[in-house]
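Next come two complexes, and both contain chain A; in the first it sits with chain B, in the second with chain C.
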Partner chain A sequence: MDVSAMIPELLSALPLTLAITFTALIAGFCLALLATTLRVHRVPVISHLADLYVSYARSVPVVLQLFVAFYGLPLLVVLFGSEDFFSPTIAAMVALSFYHGGYLSEVLRPAYLAVDRGQHDAADSLGYTFRQKITRVVGPQAVHFALPGYGNSVIYLIHNVALVMYIGAADVMATAHLIMERDYNQYQFETYLVLAVIYSVMCLIAWLIVRFFELRSPMQAPEATAKAQIKNALIASA
Partner chain B sequence: MFDTDILLQDSQEILGAVPVTLAMAFTIFVLSTIVGSLFALVEYRRIPLLRELVVTYKVVFKGVPMVIVIFLAYFGLPPALQFLFSLVGIDFNAHETPNWVILVIAITGCVAAFQAEIIKGALNAFDTGQSDAAYSLGYTKGQLFRRVLFPQVALTAIPDLTTSMMVIMKALSLGFAIEVVDIFAQSQLTAALNFYYLEAFVIAVVIYMVIAYVVTQIADRLEQSLRVRT
Partner chain C sequence: MLELKDIRLSYGTTQVLNGVNLSVKRGDVVSIIGPSGTGKTTLLKCINYLARPSSGTIAFDQIQMDYQRADKNAVQAIRLRTAMVFQQFNVFKNMTVIQNVMDPLVVVQRKSKEEAQEIALRELDRVGLSSKRDSYPSQLSGGQLQRTGIARALAVRPDVMLFDEPTSSLDPELVGEVLKVIRDVTSSGITSLLVTHEMQFAKSISNRIVFMDRGVVAADGSPAEIFDSPSSPRLAQFLSSEHSLQ
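Up next, the complex of A and B:
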């Protein structure tokens, strides 16, 4: 089997995988911000809808979410009286955005709540508006708490993009299936190994990027702070 | 269009797959917790060589999507088993291994990497002063584990273990790729017979959300009843 011939062919489908990933990353982040805001502020009814959305995104298998989007979205669009424009790719983008948004909301909400209550009060007492408070005081600290979870959710997203072939999007997995069938299904194990390497590399890159931001974060790691506190206490008691 | 008449009939068929799915999920949960605990123990005790192997294992199984692991197991496991059996000299046709066994092994392999992390975290949260205290009171290692360490570590791990139970439930839905019928696969089969795709999938969504709700509630109750009140 010729791996060197297979890799360029597989990589030719990579742009679609990446396009779906990045769309889901961006749209999912916006959705997560929206859902988190609604859930933190406890607006009646709407907050419960946000809760329902998050539990849908988290407890339903992603394959099933893809299928629901693929069969459900056209119905919804026709109901509002416009053309059905959903290709498998667009349906996959929408479904994964919703998945990622719900998952990320459950990362952002604890991060927001982890910021010390006193910080909110201090910002309020200094006369910060809500927006200033979020952008200058609470936001930067919440980002620090959220980064590790964010890295995980990006990796899960990359894993789940491998599933879009089931609704017919021509991504790397689908291309691999084409290659295998052309070789009369002789080299399935080897092809999947190559796929495993490709996805591992993608996850590794994503992880390295998130890690870079984690290390650059101006706040010290929690353990370091704890150690410093213990040290100070020891010095004080000595 | 969305047809409500078909819902009742479909849901009966799809509900039929729930016990099998739960049974498989529970098996995987127990197996992966055992394997994950062993991994966590290796890392906690810092056993040389084995520790590096465990880290490599975790990196590999976390970086590769579960579908690909399932396919790799599907195509790679039977020949590997066959080879192993022929080494020992047993005549056994591993290619007849049922698909659900392969699925259980593949998902156990994936989830064990995550379970190891959870249990390692719970072990690290355990205060070593308590084991010192237990030793000073003359506890043996077995007693320490049974009476002091295990109850606390298990309690700390409950919330994360609930999450991984849900991860397993979701992972089982990938079994349809290798013809294992769980809730999702059953909804697909039902839909393929009468072409009411969206209806069948909506039923499956509801079933999954109800199961998630029930599992979370049970775990919360369990945690509350086990927690030491101070």
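Up next, the complex of A and C:
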């Protein structure tokens, strides 16, 4: 099979891969914020539940989390008297959101705790409310500490989206397998190579976006602009 | 103006403040001296409730609060009338110098940006940092950071300034520039409490010296009373050890 014919077919599955990725990114971030808040401000019982959730998300293999969601969620909704509406895609979105949220919580929690106690004291002494302190002082500094870890967690998420084919979601990896089987597995190397390029490009774009924000941070060493530093980083990696 | 009664505070089993009484009149410049670990900084932080005493009361003009029943509104009212300068500067690291000074005015005091900027520029000029207004904390020396902290504190127009060992984290070369600014501030008539190990400085700017030892106020008097005729052997011993260091 001609590679130029394979690429459009693989790319046709990209919107679904991106939809799963973005859903997990957004829902996972919200879950991570919630879990981090509960784990930093120890609320009896609820904080322990948050600990349990993070432990599950970090210690259970992602492919297993996908199976648990795919087979478990329909049972759960039926138990509550609702009809099973879970497709592989929805199950993949739910499972990866939970995985990403738990993983990200272990990025956000240390980032929050890394903000110097004195910054809290200064804001408190000036009469900032808790919300003002978080949005104006502590939050932006925690974001600075969290960004490198956040970049890693986004890249891990993109990698793990490739596993959704095991529960039958038709992402680029699943589409690649369909193409290979259709061609009697003659072009496996070429197909995997194209797939590797697609994942590399997705990860590179994600890394560049995160790196841009990292370098734009006011707490970053100020001598070079973000644009110049990204250019230098690209030259160095070439 | 400010009266603290029977303040007690412990960290775990360590009793830090053991029944401190202190009253400050408007316009007073009170220096708090004493050995390290004797509760000077903790006492200062009790005033704006950054440290939480287990018992005792505070009266700040009309604001009254029993620390055993700390009231959120009273704490906020006290914080809005005081400003603290920290040993470790605690300048907001994500903001430029001018943003550090403007932010509390805009966010807490709800002033317009124009008015906040005008005040900030005036205070930065006062501490000699106008040229550094757009610098980030990572670009400043310790002395400049502390002067930013002082400008931020002055900008909120506090009734009482709380200086917590403002020069202890500075290189000897940078101490002078900060002391000059503090001298300027205290001579303007603003009520100030200063925790310091700079004995000569404390003597020259204060109208009262409080000596703390083992969590209590062990001596309280004018600079002449404290430095020239120490009332207790412990105070004399402390002053002589500080003197030999300086």
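Quick note on the criterion: the second predicted complex is superposed on the first by the 219 of 238 C-alpha atoms of A that agree within 3 Å, B and C clash if a C-alpha of one lies under 4 Å from a C-alpha of the other, contacts with A are read in each partner's own complex, and residues count from 1 in each chain.
Just so it is clear, a residue touches a chain if its C-beta (ideal position, glycine included) is under 8 Å from a C-beta of that chain, and two chains touch if they have at least 3 such contacts.
Predicted, not measured: the structure shown is a model, and the values here were computed from it.
Of the two partner chains placed by the overlay, only chain B lies in contact with A:Ala196; chain C stays clear of it. In the overlay built on the shared chain, the residue A:Pro148 is in contact with neither chain B nor chain C.
When the two structures are aligned on the shared chain, A:Ala122 is found in touch with chain C, with no touch to chain B. Contact comparison for chain A: of chain B and chain C, B touches the greater number of residues.
In the superposition on chain A, A:Val137 makes contact with chain C only, while chain B stays out of contact range. The touching residues of chain A, when paired with chain B in their complex, are 55-56, 58-64, 67-68, 71-72, 75, 155, 158-160, 162-163, 166, 173, 188-189, 192-193, 195-196, 199-200, 203-204.
On chain C, the positions that touch chain A within their shared complex are 45, 48-50, 76, 79-80, 82-84, 86, 88-96, 103-104, 107-108, 136, 138-139, 149, 152, 156, 162.
Note for the complex: chain A touches chain C at residues 116, 118-119, 121-128, 132, 136-137, 140-141, 144, 217-219, 221-222. Those residues of chain B that touch chain A in the shared complex are 1-2, 60, 62-69, 71-72, 75-76, 166, 169-174, 176-177, 184, 187-188, 197-198, 201-202, 204-205, 208-209, 211-213.
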